[in-house]
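Going by the order they are written in, the chains are A, B, C, D and E; count residues from 1 in each one.
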Amino acid sequence: MTNRLSRRRLLGATAATAAAGLLPLPAFHGSARAQAGTLRLGVPTAVTGTWAPLGAQVVRTSRLFAKTVNAEGGIDGRKVEFLIEDTQGVPANCLRKAQEMVEREKVNILLGLMASSEALAVMPKLAEWNALFISSINGAGSMTAEAYVPNMFRANTSGPMGARAIALWLEDQPATEFFSLSLDYAWGHSSVEVFEKLITGMGKKAIGKVFAPVGTKDYSTYIARVRQANPQALYVALTGDDGTAFLRQAAQYRLGEKVQIVTELVDLLNVKPVGESAVGLVGSSRYTFAYDTPANVDFVKRFTAEYGEVPDTFDGEHWQSLQLLAAAIRKAGSTDTKALIQALEGMELTSVKGPIKVRACDHQAEQQGFVVRVEKRDGYPHPIPVVIKTYPAARVTPECRKASY
Amino acid sequence: MSRLPWLAGIAALAAAPIALAGFHLGLLTEVLILGLFAMSLDLQLGYARMVSFGHAGPYGVGAFAAALLMAKAGWPLPCALAGAVAITAVVAVPVGWLCCRAGGVAFAMLTLAFAQLAYAVAYKWQSLTGGSDGLAGVPRVAGPFGLELFTGRVGYYALTVALVGSALLAARAFVASPMGRALVAVRENEARAEALGFDPRRLRLAAFVLSNALAGLAGALYAGHVLFVSPELLLWTVSGHVLVMVILGGTGTLFGPFLGAAAFLMLEHEVSALTESWALILGFIFIVTVIVMPEGMWGLGARLLRGARRPPAVEPRHAAP
Amino acid sequence: MLAVERLEGGYGTGRVLQGVTFTAPRGAVTAIVGRNGMGKTTTLRAVMGMLPAVTGAVAVGGRAILGLPVHEVARAGVAYVPEGRQIFPKLTVAENLQVGQRVPSRLWPQDRIFALMPNLRERLGNDGRTLSGGEQQMLAIARALVTDPAVLLLDEPSQGLAPLIVQQLAGIVRRLREVDVAVVLVEQNLGLARAVADQMLVMVKGEVVYAASAERFREEEASVRAQWLTP
Amino acid sequence: MPLLECTGLSRAWGAVRAVDGVDIAVEAGEVRAVIGPNGAGKTTLFNLITGAVPKTAGRVVFRGEDVSRLPPHAVARRGIARTFQVTALFPRLTALENVRLGAQAVRPDAMRPLPVGAAAAATTEAARAALARVGLAGLADVAAGVLSHGDQRLLEVAMALVQRPALLILDEPTQGMSVEETQHTVALLGRVLAAEGTAVLLVEHDLQVVFALARRITVLHRGRRIAEGTPAEVRADAAVRDAYLGNLD
Amino acid sequence: MDQTALFVVQGLNALALSALLLFIALGLTLVFGIMRIVNFAHGAVYMLGAYVGATAGQATGSFWLAIPAAAVAAALLGWLFERLAFRPLYGREGTAFLLVTFGLALCLTEAIRLTWGADARRLEPPEFLGGVVFVLDEPFPSYRLFLIAAGIVAAGGLWLVLHRTRLGLLIRAVSQNPAMAGALGVDVRLLRGAVFAIGCGLAGAGGVLAVPLITAYVGMGASVVIDAFVVVMIGGMGSFVGTVAGSALVAATQTFGNFYLPEMALGITYALMIVVLLLRPGGLFGEEE
C-alpha cells in the first residue's frame, strides 16, 4: 500500500484543491492498509462514458457483494476488497488499468469488464499475467470460440445464447417473416447472424436487416426502413441508450401495431425510460429480478434493501459471476490462478439464475434461457419483465468453441 | 545551451528499466509514445498554425498498419514499424493536399472528416481490422535477424526510447532546416513569406506529411506496445486529447508536448484511480492551466529555470502608423 | 471641451507619443497636421481608449477618461470617425446609424443629418459596403454625430476622396461648429485643414510642436511648412 | 526589350475599378516612381504585378516571360523583390533572421527539409552584409517587432536587397520616417542602386524623395495612368497638378 | 408503404432532425460569428439542458415549463463561464479557448453524472403531442411535427432578434467590426457574454426538446456536437442562412443516406462535409477566409 499512498501524496496538492472532500471515493479502493489475507478483486469497468449506466450496475453490485460476504466473515475467512477503476469503455484504458491491477496491485482476478472489445483486448494478456478473468457482461460469441483463452471464463449468457432463446420462442409464434435491426457492433452482428440462421432453419424467412451505428439518436429512418420492408416481426438487438431511443421512437411511430417487436435483451434500463409504451415487448433476458429461485429471492431482497430498487440485468449477471468465483475459491481452497481454473472447470452451482454448469471445453457457463414479456404489475413504479418461457441450458448453449448453432 | 539537462535526461531514460519495474516501465513507454504523438502534432500546430482536429487519423492508420503487418503478414517488429510509417506518409500526401487547400477552422474540420472516414473504414472492414472488436493478441514478431531483443518489455522500452529520441532529433533538425525556418516565416506573416519567394502551400503540405508520418510512428509503436488495436484509436476524442496535450505542454516547443502528454496521461490515469469524478478534476486543471500558464507547461518551466522574466510581448504592428 | 495632457505611449514597446498636450475647445475645429508617422492617428486612438498602455491625462468637460474602456469613452461623449471609415459592411445605412444611437438624438435628429448629407437619405436601405467612398465618409461622420458627442475625432476624412467631395466635406465640418461640439481633425491634406480649422496644431515625432489660431497660422504658414511639414 | 512590361492591368472590386487598364514598363537599371493621391491604385498596381492580387485583366511580362498567372512566391523567385506599404516583417524573429529568410528564399535549397551547413553560413553571411549596408548591423539580434519604425522600414529594404533582385518594388519606403531617417534612406538607396544596377519601381508620397531617386515618373489617378515622363514634364502637366500636386497645397 | 408516402415521411423525418440540429448549430454559429471561438463544451451544455428540463418537467408536471427552465439554466451557465474563464483569455490565441472549453466539457459532463446519476431521465410531451397524425395513411408522431415547428420558431425568432431588435443589431455590428462597435459605445465584452449565453440557451432548449425522443443520458452531447460542427462548417461559419441550410442538408443526408446506404452511416456526413469544403472552403454561405 505504500505505493498507493505515495502517489496519493504526489497528487495531493492538485486533487485536494480541486476536490477537497467533495467527491466520493469508490468504496474500498485505496482504503488505507489492507489486512493480510484480504482478497483483492480487480474491476476495471466503464464508470463514465457511453457504458456508464451498465458500469454503475457493476459497481453497486460489487459493493453489495463485498458487504454481504464480509459480514459473513468473507470467503474462506478472507475479506473481500474490490479495486474499481474507470476505463471509460475504451479498450486501451482497460488494458492499462488491468495491467496496473495485476502488476502493481498484485491482483490476479479480474471481473466486470464492460465492452466486448475491452475483454478481447485483455484476454490475450491473461496468460502472461497469470491472471483469471470471469466475464459477467461481455456477450461476443467469439470469446468462447476463436478468441478462447484458458484464463477466461464466461459466467453470463452470451449474445448468441440470447438470440437462441428468442428464436426458440418464435418457433411457436405465427409470424414467419422477420426483419432485424441491430447495433453496428460485434455483439449486434453475432446476435443477428445467429438469429437469422435459427429462423431460416425453422423454415421462416429473414427478409432484411440493418445495422445502426452506436450512438444513433434518430431512429426514424430505420423505422421507415422497417415499414418499407413490412415484416411480420422485427428482431431488435440494441442495448443501452440506443435501445431506449429506438423503443421510445418505435412507440411514437406506433411501429408495434403493425409489427411484432422482439428484442435480444430486455433491460430495466431501457424499460424504465420507455415507460408504459414498453408494455407487451417480448424478448430474451439474461437476468431479471423476477426469477423465482431461492437464491434470487434472497439477492433481490438484499439488493432492494441496500439500493431501494430492484436489480437489473447486469446486477444479476455480475452477482452470478461473483457467486461462481466464491464457490471456486472455496472449492480450490486457494486463490491461485491455476487452482481456480481447475476448480472452475466443470463446476456446478445453483445461482440467482438457477442451475449453472461451467463446461471445461470453452469455459462457458451453461445456463437456462429466459424469454420475458414486459407487463404492468402493481407495486412497481414502472413496467417489469415477466418470465413467459424458460429453456433448459442444453437447448440454448451452443456447442463447444462455437459462436453459432 | 548547456548539455547538462540533455545528459541527465538520457541518463534517466537509460536508468529507468533498473529503477522501474513492470507496470511503471510500461507506463513510461506509453508516455513516450503519446509524447511522440503530441510532438508530431506540434510540428504542424506550433510551427505552422495548422490546428488539426483529426490527428487520430495518422495515429490510427500507423497503429493498424503495424498491427496488420505483424499479425497478418508476419513482418518482424522493426520492419512493421518502418512499413507503418511509410504507409502513413503515403496516405498523408493526398489527404494533406486536399486539407491544405483550406485554412483555419476549415482545415481543422477537413482533417477531422478524414480521420472519421478512416474510423468508419476501420469499423466496417471487419475482415481486415476486426471491426468494433479490433485486433487482439498482435504478436511482436522477432524475425530472422535475431531481433528477439526488442520483444521483451525492457527491449521494447529501449526500442521506443531509441525511436522516439530519433524522431525528436529529426523534428529538431527539420525545425532548424531551411524548410523549418520558412515554415515559421509563413506562420509569422504569410503574405511576407510568399513575397520573399516561399510557397506556403508546399510548406504546409510538407509539414503535414512529416507530422503525419511521425504520428504514424507513434501509432505503430503504440500497437506494438499494447499489442491490440481497435477503431477507437481513430476516433475524434483521441484527436481532441492529443490537441489538449500539445496546448497543455506548450506549442512550438517540441519538448512541451512530451510534458503535456505525460501530464495528461498521468492525470487521467492517476486521478481516475483516486476518484470516479476524475473528469471534474482534470477539466478544472485544464481551465486553470490555460488561464495561468499562457505558454503551457514547457514555457512556464523554462521561465522558472532561467529565472528570467517573460520576454517582452511583441504584437504585430498595427495597421495605423 | 477636450483636454489632453502629456500623453505618452504607443504600440507594443514603441513610444509613438512623447507627451502630447493640447486642448480642443467646443464649437471649434482643431486640426492636427503633420507628416505620416508622427503620431496623429495614435493620438486619436489614445484619446479613444484604444491603446493599451498610455500615460498622461485626457479629460472631456472636466471628466477624466483615460483608462476607461473604449465603450465608456464613447458614452462619455467622444465620437470617433476612424481612418478608412470602418463602416459596418453588412449593415444598412440606417442600421449603421442606429448602432451608436442609444436614444433618439437630441442634437442630431435624422432631419438635421439629412439636411447636412442629403445622399444618405436615399441610401438608407442600402448595405454599407455598396456605398461610394464619399458616401461612406459621410455615413461615418453621421454615425458619430447621432451619439450626440461633446468631442468628435475625425481621422483623415479626405483620404482617397475626389476634390469635389473634399470640398463638400469641408462644408460639413465647418457646420459642425454650430452644435457646440469640439472637433479634432487629423489631416495630411493641409488644404482641407486650413479651410476648416479654428486652431492649428502641428505634430512632429509624437509631440505637438506648434499650436496657433487659424489666422496666425496663415501668417506663419510659410515658415511652419518649411520647418515641420516638408522634409 | 524592357525588363518589366505590363499591359492593360486592371482590377475591380465590385463596381470600384481600383486599377483600370494601366500600362507601365521598366527598363533594366531604371528607377521609376509611381505617384498619385491616396486611393489612386498604386499599391493595388504593385499587388497585381507581384501576383498578390488576382488580375481582372492584363498581362505582366518580366524578362521576356509571361508571369501574369504566377503566384507571388514564383514571381519573387524570378527576381522581383518588394517591400510593403504597411511594414510587413516577422516580428518575433530577430532582424538577422528576417534578412536570412530573404536570402534563403531565393536559393535553390530554399525549402530543404534538412539542415545545411555551408549554405547556412553563406546565407548568414549575406544577411549580415545586407544588414550592414542599411546600417542595422548593430541590431542583428533584436526582435524585428521591437525595432523603431524607421529601422523596421530599413529592415524591409534589407530583406529585399539581400535577394539581389532584378527589379525592386518599394512601396513608400520612407513612410513615417523622420527627416534624418528619410535623408539617410534616400542616400542609401541612391548608393546601393547605383552600385548594383537594380531596377526599381517606387511609390512614394514624399516628392523630394521621388525627385531625388527617379528619372521617370508615372502618375496614377483613380486607377488610371494620367501622365508619364521626367520629373520636369510631370510637374508641368496640368492634369497632374489638378489631381495631385494642387490638391496637396 | 408506397413510395410517395415513404418519401414524404422521410422528408418530415429529415425536417425534424434538422430542427434539433438547428438548435445546437445556431448557438455554435452565433458564438463563432462574434467570438471566433470553437466551443467544445456546446454538447455538454445541450446535455445540461436535457437533464434540467427533464427534472423540471417531472417536478412541475409541465413540459412547457421544462423548456424555459432548461434554456435559462444553460444560458446562466454560459454567462457565468464567459465571465470566469473567457474574460482572462480575450486576445489570446484560439487554441487557448479550445483547451478551456474542452475542460468545461469534461467538468460539466461529470458534474451532470454526479448530480443525476448514470440512469437515463425521461420527459413526456403533453398529451396532444403524444399521438400520431396520419400522413398519406402513414402514422407520423405529432411530437416530430412539433419539433419542426419549434425549429422554425427558433430560427425565425433568432432571425427577428438579429434583424429587428437593438440587441440583434449590436450583435451583427460587433461580429463585423468589434473595435468600431466599441468606439460607438457598445460594451463588446458584455455583448459577448450575452451572445454566449444565448448560444448556450439555444443548446439547452435543444437538449430538452430531444428528451422525449432519446431521453436524457450522459453522453448524449458527445456526437451531436460534431454533427452541429459539420452543419456550421457546411453552411459557413457565422452565417445564419448557412446554418439553416446546412442543418437541412445534413439532416437530409443522414435520413436518406442511412435509408439507402446504411453501410455508409458512419461516414456519410463527413463525406458530405469534405465535398462541400473542397468546393467552397468557406462553406455554402460563408465568406472565403
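Convention: a contact is a pair of C-beta atoms (placed from the backbone, for glycine too) under 8 Å apart; a residue touches a chain by one contact, two chains touch by 3 or more.
Not measured: the values here are computed from a predicted model.
Think of each touching pair as a link: the shortest run of links from subunit C to subunit D has 1 of them. Fewest steps needed to get from subunit A to subunit C, stepping only to touching chains, is 2. Chain centres were defined as the mean of their Cα atoms; on that basis the chain farthest from subunit C turns out to be A.
With centres set at the average Cα position, the gap from subunit B to subunit C is 52 Å.
If each chain is reduced to the centroid of its CA atoms, subunit A and subunit D end up 74 Å from each other. Rounded to whole angstrom, the centroid-to-centroid distance between subunit A and subunit E, based on C-alpha atoms, equals 35 Å. Subunit B and subunit E have Cα centroids lying 32 Å from one another. In subunit A, the residues that reach two or more other chains under the touch definition are 23, 48, 184. In subunit E, the residues touching two or more other chains are 109-110, 113-114, 222, 263, 266.
Contact of a single residue of subunit C with at least two other chains is seen at positions 12-13, 36-37. On subunit E, the positions that touch subunit C within their shared complex are 166, 169-170, 172-173, 176-177, 179-189. The part of subunit B that touches subunit E in the complex is made up of residues 45, 51, 98, 101-106, 108-110, 112-114, 116-117, 119-121, 123-124, 236-237, 240, 243-244, 247-248, 251, 277-280, 282-287, 289-291, 294. For subunit D in complex with subunit B, the residues that touch the partner chain are 50, 52, 71-74, 76-77, 81-82, 84, 86-93, 97, 100-102, 104-107, 109-116, 119-120, 143, 145-146, 149, 152, 159, 163, 175-176. Subunit B contributes residues 22-24, 26-27, 30, 123, 126, 131-134, 136-137, 222, 226-228, 230, 232-233, 267, 269-281, 284-285 to its touches with subunit A in the complex.
Per the touch definition, subunit B reaches subunit D in the complex via residues 173-174, 176-182, 184-185, 188-189, 191-200, 202-203, 206, 210, 312, 314-317, 319, 321.
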